[in-house]
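Two complexes follow with subunit A in common, the first pairing it with subunit B and the second with subunit C.
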Partner chain A sequence: METQIAKTAAATPRFQEFWRVFRSNYMGLVGLIMLIIVIFVAIFAPVLSPYDPSSTLNVTTADIYNPPSAAHWLGTDDAGQDVLTNFIFGARVSLTIGFFAAFISLIIGGVFGIIAGFYGGRTEELLMRFTDIMLVIPDLPLMMVVIALTKPSIFNIILVIGLLYWTTTARMVRSQTLAVKSRKFVLRARAIGSGKGHIIRRHILPLVLPILVVQAVLVVSSAVLAESTLSFLGLGDPTALSWGQMLNYAFGRGAMSTGAWWALVVPGFGIVWVVLGLTLLGQGLEQILNPRLDTHHLMPGRPIVTSEAAKVIEKVSGKRPLLEVQNLSINYVNNGKPPARAVENISFTLKEGELIGLVGESGCGKTTLMLALLRLLPSAGQIVNGQVFFNGRDLTALSEEELNTVRWKEVSIVFQGAMNALNPVRTVGDQIAEAIIKHIPGFPRDKRLQERVIELLELVGIAADHKDHFPHQYSGGMRQRAMIAMALACNPQVIIADEPTTALDVMIQAQILELLDSLRKKLGLAIIFVTHDLGVVAEMCDRVLVMYGGVTAEYADVDTIYNEARHPYTQELLKAFPDLTKPKKKLSSIPGYPPRLDALPAGCRFAPRCPLAVDRCHKEQPLLHKLGAAHFASCHLLEASK
Partner chain B sequence: MKRWRDLLGKIGWAFFTILFVIILNFFLFRILPGDPARAGVRDPRLTRENIEAIRVRYGLDKPIINCFESLNPVKIGSCAVNPLDTQFFIYMGNLLKGDLMISFHTNRPVTDILSERLWNTIILIGAGQILAIIIGVLFGMFSAWKARTTLDYASLTLSLVAWSIPTFWLGVILLFWGSNNGMPIAGMSTPGMSSYPFFTRFGDIAKHMFLPTLTYTIVYMGEYMLIMRSSLLDVLSEDYILTAKAKGLSIFQILKDHAIKNAMLPLVTIIAINLGFTVGGVVQIETVFSWPGLGMTIVEALNRRDFPVLQGAFLLIAVAVIAANLLADLAYSYLDPRVKTE
Partner chain C sequence: MTKEHFLEVQGLKKYFDAGRPGLFSRDVRYVHAVDGVDLQLRHSEVIALVGESGCGKSTLALLLMGLEDPTAGIVSFEGRDITHLNDNERKDLRRKIQMVFQDPYESLNPTQTIEEIINEPLVVHGIGNNKNERDERVKKALEDAGLKPAEIYLNRYPHELSGGQRQRVVIAAALVLEPEILLADEPVSMLDVSIRAEIINLLAELRITRQIAVIFITHDLGSVGFFADRVAVMYLGRIVEIGTMLEVLEKPQHPYTKALISVIPVPNPRLRRERIILQGETPNPIDMPQGCRFHPRCPVVMATCKVSDPPFVALSKTHQAACLLLVK
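Up next, the complex of A and B:
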C-alpha cells in the first residue's frame, strides 16, 4: 500500500513535466484537441445528431440528394438520409475499427519487437526476417484479397488490418529494446540474476512504452485510412455506415452526376480530420521524445549583445596581441526558463607562437567558449557580452561573410572526437582539398592540389595512399591526425584544439600531443589547447586558464599555476593528478560534480565543493583578483592578500 | 569478395521472399472458406454436373497438396495420388512456364490481361512518383534548412494535410471538379482516338493522365517532404556540418557539398519501401478514374470473383515491389561508401 502511494507520487511530477513540455508544442496540442473533439462527437452521437440514423421509413424520392438546407444542414444522401446524422454516427464506426485494429497490431508488433531485441540471436533473426517479408508485401491488395475471400464484416476488417499493420512497430520496438538492453541498470539487473520476465516488465517495458505510444497514434491513423479505403472499394461492412462506406454509396450511386458535392465532401472531411489530428499528435510527441532541432548547425545565430563600455576600449587600440578575448559571456536560451549562464566574463590573450591551456572538468563551458570565438554556437547559444579581437578586428562585429574569411583561413579548429567531425561520404583527401580551394583563391586545382594534400597528410604521419580513403576506413587516431592536417591546410595563425586526444589510447595521445607541439615550433602556430588533463598542460603550455562552472577560476603562466596556485579549485585539481617527482604523495579527487548550468549556486560556483568555503562564499560571487603581473584568481579568500 | 557474397545473399533473399509470396498466394485462395468454382460462377441454374465440369476444367477437382505421408520413405505409395498431380505442383509448374491460368470471367489467359495493363500502371506510377519526389524533396530541403521559420511551418502543415487526405477521396474531389470543368473523367483515351495521328493521341492521353497524376503527386509529395525534412535535419545536427561551418563554407556550399547527398541516401531505401504502399494508392486512383491498369484489374476481378486474375495480379505486384526493393538495396550499397568499401 505504501509503495503504491510512493509510486503515484513519483509518477505525478513526471506527468507534470511532460505536460509542461507538451503544452508548448503547438503541433501536438492542436492534434490532441482535434482528436478529443472527434471522440466527443462519437461518444455523444445520439445527443448531437439531429435525426435518428435508423429511421428510413418516410423517405420518398424527393428526399434524395437534397442540398444543404435548414432541415438538413449538410443535405441528404442517396437514401434520402440526413448526411450530418450519418456523419456523426460514422465517427463511431471509423474510430472503433481504427482503435481496435491498432490495438491488435501494437500488441503483435510490441511482443515481436521486445522478444527479438531482448533475446537476440536466432530468435531475432527469424522474427526480423519475417517482419521484412511482411513489410515488402503490398498491404492493400493483400487486405483486399483476404477480405474478399472471407466476409466483409467489421470483425474481419479489424482483424485483417491488425494482422498486417504491425511491421513498423516491431522494428521500432526492437531497436529501442536493443538500445535499452545495454544500459547500465539492465546489465546490473541481469548480473544480480533477475528473471528475464522481471527485467522485461520492470526495466525494458517502461522505456519502450513512449515509442509504443507514438507508434499507437500513427497506427490508429493508418487503420482509419485503411478501413475507409477498403469500405470505399466496396469491401466494407454493409451494415455499418462508416465514413468510407458513405463515400462508397455516394460515389457508386450517382452523387457525381447529380452534383451532390455535400455527400462526397463531408465524409472525407471526417477522415482527414481524424488522420490529421492523429498525425499532428504523433509528430508532436515525436518531437518531444527526439528533440534534435537544438543542434541544427545552420540556424541563424542569435544577435550578439555588446555593451557600450566595451566599444570604447576598442578605440584605444595600439599594439595588440594576436587574439584577445575580453569579458566574453555566453547564455543558453532555455525555453521559457531564465537563460543558462554557460560562460561569464572570460578574458585571455594569445600571442604568436604561444600555447595556452584551457583546463577544467567536463561541463565547465570550455567547448562553448571555443565555439563562441568563431561564432559557431548552436542556435540556443548567445553571446551576451564581450568581444573577441583577432589581429585587432572584433570578430563579434563581423558579418557572416567576413567571418567566413577568418574561419579556417586564420583560426581553425580540431574538434573533440573526430569520429563524426569528418563527412562520412567524402574521402579525407577531398575534405582537406575543399578547405584549400575555399580559402586560397587561385590555388591550382590540378596535381599540385593533390600534392599539397599528400604533403599535409604526411606532415601528420598519414601515408599518401590513404588520401582517397573514407573516414570509416581510418582508425580513431588517424582520424584525429587527419583533422589536424585539415586544420593546417590553409596555414592558419591560430589552432583551437578542443580535447583532441580524449577518446584515444595513451600511446596515440602522446603522439598527437607531440605532433601539435612540434608543428607549433616549426610553423609558429598559436594554439589554444582545451583539456581536462593538467599533466598535458604542464609539459607544453605557456599559460593556463582554469575554468570552473563557466567562470575563470585562475589564470596565470604555467609555473605559477603549478607552484603557487591560489584558487582552491586549482589546488584540488593539482592534488588529483599524479606528480612524478613526489611518487609517494596521496592522490585525492574532488567530491561532487560541477554545477548544472540551469542551477548555478547563488554565490561562488565552486563553494558547494570547496573545502575552504566560508559563509560569504555561498552568498556572494567573488571578483577576479589580480595577484601578480599576470596572475588572476576569483576567490573571496584572496581579497585580503591583494 | 565479401561484396559478391553480400550481393548473392541479397538476391537469394529476394528470391526467398518471392517464393514465400507464391506459396502464400496459393494457399490464401485455397484455405480460406468458399469454393472458388461456386463463387466464381454464381448462377443458380448450374447443375451439379455443370459445377463438376467447371472444377475439372480449372483443375479444382485435384487435391490441393498430396498427403504428407508421401514424404515418408517407408510409406511411399500409400497415397492414392501421384504427388505431382496436385493443385500445388501444377500451379508451381505452370508458374515456371509463365502460365497464370485462365480468367474465370473472360476466358483469356491471365498473363495476356496483365501484360496489357501493366504498362498503364507503370506510366501512371512513373509520372506521379517523379513529380512527387522532385516537389517533395525540394520542399523538404527548404523546410529543414529554414527550420522553425514561417516557411518551414507552412510547408510542414501543407505536407501533413496532404499526407492525411485519403487518396481515393482526393481523387473523387478532383474528379468532381474536373467533370465540371471539361476534363475527361474516365479511362485513358477518348474512344475512337486510335485512328488519329500520334501527337493528337498523345495529347489525349496526357489530358486523361492529368488528374490521376495530380492526385498521385499531391498524396505522395507530402510524405517525401516529411522524409526529406527529417533526414536533412538529422544530417544538419551532425558534427561534420559544424566542421564544414568552421571551415568557413557558406550555407549554400554546406548544403550542396555536405548535407544534401548525405540526406538523400536514406531516401533511396525509403522510396523503395514506399512502393509497397504506393501500390495501394494506385489501386484507389485507378478505381476512381477508371484508369485501365493493374489496380483497376484487381478491383474488377474482386467484384467478379475472378480468382485467377486476382491471384495473378497480386503476384505480379508483389514481385515488382520485391524487385524494386532489391534494386534500391543494391543502389544504396553502390552509392554509400560506408557500405561499399567495408
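Up next, the complex of A and C:
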C-alpha cells in the first residue's frame, strides 16, 4: 500500500523511530512517567524522606498512629515512625524485589520458550509439559509453603517469585519463536550454512525481544504484587520494610480499629501506582512492538472536494456509460509533511458489460484509485478533486447511507489476496450466505438462501457438494472463485477485481480469467481488472488504462495499447514482456524503480527512467494529450503530433 | 571430475507423513512430494524446472540444498554423494550451492541492515582475514547483483527497499560465498513484470560472468525462454518432459507441457490463440492417480492411460517425455 511507502520513507535509526511512535502513545507515556517517578523516589530516598527510617530511639506512645500533620505529612505508623519516610524507603524494597524477581523469571521463561520453540520435538514436549504443570500449581499456596520452610529474607522472596512466575513468559516466547522460525529468512540463514546458535542469536532473538520487553514490564508488576501479598500475609522479610510489610504491620496492629487510614492507604497507593504504571507502559509498548496488533483501518472518511466542475475528456458513444471517473485526485496526508499525491487527475469511463484493464507497477496508486471509487480509503487518504459518477449519481457527494446502497450491491470489489481472508472455522457456503444476508437484510433465511448459495457457487464453477467444505479444503483457485461468488451475491453491475490472479499459477490464472470473461458475457457485468501484468489483460480487455506514479500514462483501446502505444512507459513495459515467439533474445528492462509518492520528481514522473527524456521532461509535468478518438497519453514528445 | 557429473540426481524421492486417514486406521498415508526424479546439471548450465504449485518443485530444491532429507535416492555433487553428510561437511557444501527464495519480503530479516545480511555468510563460514577484506567482498557482491553504488545500500534496512532491490540483496547474499550452483525458487513471481526482466537478466549475466550453474524454478514457462539451456516440466512429483529450451518451447510433446505453453499470456490482442485450459488443479499428492498421473486432467486421455504408467520416451538425444501417446 502506498501509505506504507510514505510511512517508511524516513531512514531514521531504530530507537529514534521507536521514540517518535511511542511519544504519541499516551497510555504508554503516562505509564512510563509514573514508573520514572517511583524509580526516582526509590533512588533518592535518603534525600527525599523527611526522617531517618532507622531512628526509632525517641519514640513514645504518643507518637503512634498520629494523623497527618505538619511534622508528619502522612501521619505516623504503629511504631511511631513517619509514614512518608517508610513509604519512600518501601519503594526501594518493593522495586528491588520486583525487578530482580522479574529478571530471574524472564531468563528462565525466555530460555525455555526459545529452546522449546526452536528445537521442537521431544525437547519441546518435555519443556512445555513441565511449564503446564508449573502453570496449574497455584502460585500463592506454593510460595507460602516455600517461604515458610525457608527463612523469609529478601533473597529468598526474590528467588521464589522468580522461580514461579516464568510460565506465561515461556509460553509467549515459545509461540513467537515458532512464528519467527517458520519465516523464510530463517530458512535462508540455514541455506547459508548458519548453525543453530547463530540462528537463535541473530535471527530469532531480535524478533522475540520486543515480546520479551513487553512481558518484562508485566512480570515486574506481578512480582511487585506477589511480594506485597507475601509480606501482607506475614511472610515478608521482617528486616526490610516493603509496602506489603507496611500494610501487614498496620493491619495487624490495629490501624483499622484506631481509624488510622493513612497507615493503610499510603502503602496501598504505592502498590496501585506501580502496578498501574507498569500495566499502562506494558499496554503501550505492546501496541507498538507486537506486530500482531498492527491493524490497518479502512475508514470511510468524507471526501474533501475542492474543484467545482471538471471537464469530460471523452465522448462516450454506443453503450450507456455505467461508471464515469472524472479528474479524480487523491492525497495521503502525512503528519507534518506535504501530502503524498497518490493519484492525480485520473479519468476513465466504464460501459455496460465492458472490461477495462488498469495496469501499473506496485505503488503506482491503482489500489488507492479503486478504493476511492467507493470511498473506502484509509483515514489518511482524501479525495481532493474530481467526481465518480455511477449511473449518473456522483459517488463523491453521497452520504454514507446513500453510498451503502451502491457498495457491494451495485459495485463490488474482489480484493487482492482476499482468498486468504476467508474465515477458517466456517464453511464456505456459510460465509457466502452471511454475505447475502448482510447486504440484503430482507433475504428469506430458509431453503431459498441455500439455493441462492448453490446458484452462486455454480456460477463460479464450484460444484454444489463443496458448499459445506471449509476453506482449507479448497485450493487457492477455488478460494478465489468463492470470493468472486461473494462479490456476486447482490447481482452487482460492476466488479472491481484487484490483482485477482497475482498469487496464482499460470494455469489457475487462466481459469480465473476465463471465469471472469464468461461472467461478463452471462451476466452483462462490467469489470475493472487491476493488474501489474500487461500480458494478462491483453487476452480479454476492451480498453486499458496504464498508470504510472499516480497519473495516467496512456489510455486507449486494447489494440492501440499493444500495437500503437505512444507513451514511452507503455512501450518499455511491452518490451520487458517475455515474448515466446522470440526466445533467446535478451529481455529489455526498465532501469530504475517507480517513484515514491512522497518524493515525486518535479517534471514528468517517468522522466528519471525514460530512455527518451529531454530537459523539459525533468522540469515540467506533461499534460494528457488526445491522440485519437479514444486514445490519450501524457508525454511532452507527443505534443507536436496532437 | 567430468563435465557431466557436476550435480546428479538419481531416483530422488521425498514422502511426507500425512497421518492416518482415520483414528483407528492402521496404514499411515504419505504425501508423495517428490516421487522419483532423475536430473543432471552440467557446469554453468541453466535448467528451468517448471510446474504448478504442488508439483514438488520447491521440495526438490530443498532436497538439493540438504534442507530436507530424502526418503530415497541420491544427490551427488562432483561425484560425491551429498545426501548423507554431517554438519561440517554440509556447511562446506553450502559454499558451493546457494539458494534464492521466492518471496523477497519474507526472506530478509527485518532487523538486519543490508550490510549485516550480506556479511553474515562470510562470518558464518569464517571467510576473509579482516574486516576490510570482508567489506570488499560485500561491496562486490552488492554491485554484481546490480545495486550500485554499494555504499548507499549498506546501512539501509530491507523495508526501505523495493521488491526488486530486495531480491537483488538476496542474490547478493548468495553470491558473496561465490557458489558454483544457484538454486532460484520462483525468484520473480512476487515481482512486478517490469522488474522481472531485470532479475532474469541479472541471473543470465551471472552465469556468463561467474560461470554459475542455475536451477531456475518457476510456474511460468514464459519467463524461462530467455536464458535456460534446458527445461524440465514437473507434474505430481515427477519430471514428465525434459529437453533443450527450443525443443520444449517449440516442439512440446507432453500434453501437459502443451497446455502450460498455451496459457502463457501474450501481450498482443491480435495474437489471441486457442488456449488449452486444464480444468481442476493438481490433485493432492496423497492419493496418486493410477496409471499416468496426468490422466484425470489430460485433454487427450486414452483408455490405457488409466492403467499403465508411461515410460520416458527418447525423442532426440536431449529430449524425453513420458506419455503413452509417444510410445510406438
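Simple rule for what comes next: the second predicted complex is superposed on the first by the 533 of 642 C-alpha atoms of A that agree within 3 Å, B and C clash if a C-alpha of one lies under 4 Å from a C-alpha of the other, contacts with A are read in each partner's own complex, and residues count from 1 in each chain.
Here, contacts are C-beta pairs under 8 Å (C-beta built on N, C-alpha and C of every residue); 3 or more make two chains touch, one makes a residue touch a chain.
No experiment lies behind these values; they were computed from the predicted model shown.
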| said: By the touch definition at the top of the document, which applies to A:586: first (subunit B), second (subunit C), both, or neither? | reply: second
| task | Go through the superposed model and pick first if A:275 touches only subunit B, second if only subunit C, both, or neither. | result | first
| query | Should A:459 be classified as contacting the first partner (subunit B), the second (subunit C), both, or neither? | reply | neither
| Which of the two partners, first being subunit B and second being subunit C, lies in contact with A:111: first, second, both, or neither? | neither
| task | Determine, under the contact definition given at the top, whether A:141 touches first (subunit B), second (subunit C), both, or neither. | result | first
| task | Examine A:505 and indicate which partner it touches, taking first as subunit B and second as subunit C; both and neither are also allowed. | result | second
| query | What is the contact status of A:149 with respect to subunit B (first) and subunit C (second): first, second, both, or neither? | reply | first
| Once the shared chain is lined up, is A:206 touching subunit B (first), subunit C (second), both, or neither of them? | second
| Which residues of subunit B touch subunit A in their complex? | 17, 20-21, 24, 28-29, 32-34, 145, 147-148, 160-161, 163-169, 172-173, 175-176, 179-180, 233-234, 236-251, 253-255, 257-258, 261-262, 265, 273, 276-277, 279-280, 283-284, 287-288, 298-299, 302-303, 305, 310, 313-314, 317-318, 321-322, 325, 336-338, 341-342
| message | Under the definition above, what is the set of subunit A residues touching subunit B in their complex? | response | 132-133, 135-142, 144-146, 148-150, 221, 225, 228-229, 232-235, 244, 247, 251, 256, 259, 261, 264-265, 268, 271-272, 275-276, 279-280, 283, 292-299, 374, 376, 401, 403-409, 412-413, 415, 417, 419-427, 434-435, 438-439, 469-470, 472-473, 486
| said: Considering only the defined contacts, which subunit A positions touch subunit C in the complex? | reply: 8, 11, 183-185, 187-195, 198, 202-203, 206-207, 361-363, 475-478, 505-511, 514, 532-536, 538-539, 541, 558-559, 562-563, 572-574, 576-580, 583-591, 593-594
| Of all residues in subunit C, which touch subunit A in the complex? | 52-53, 65, 67, 87, 90-91, 94-95, 98-99, 101-103, 106-112, 120-121, 124-125, 156, 159-160, 162-165, 170, 173, 177, 192-198, 200-201, 204, 219-223, 225-226, 245-246, 249, 259-261, 263-270, 272, 275, 277-279, 281
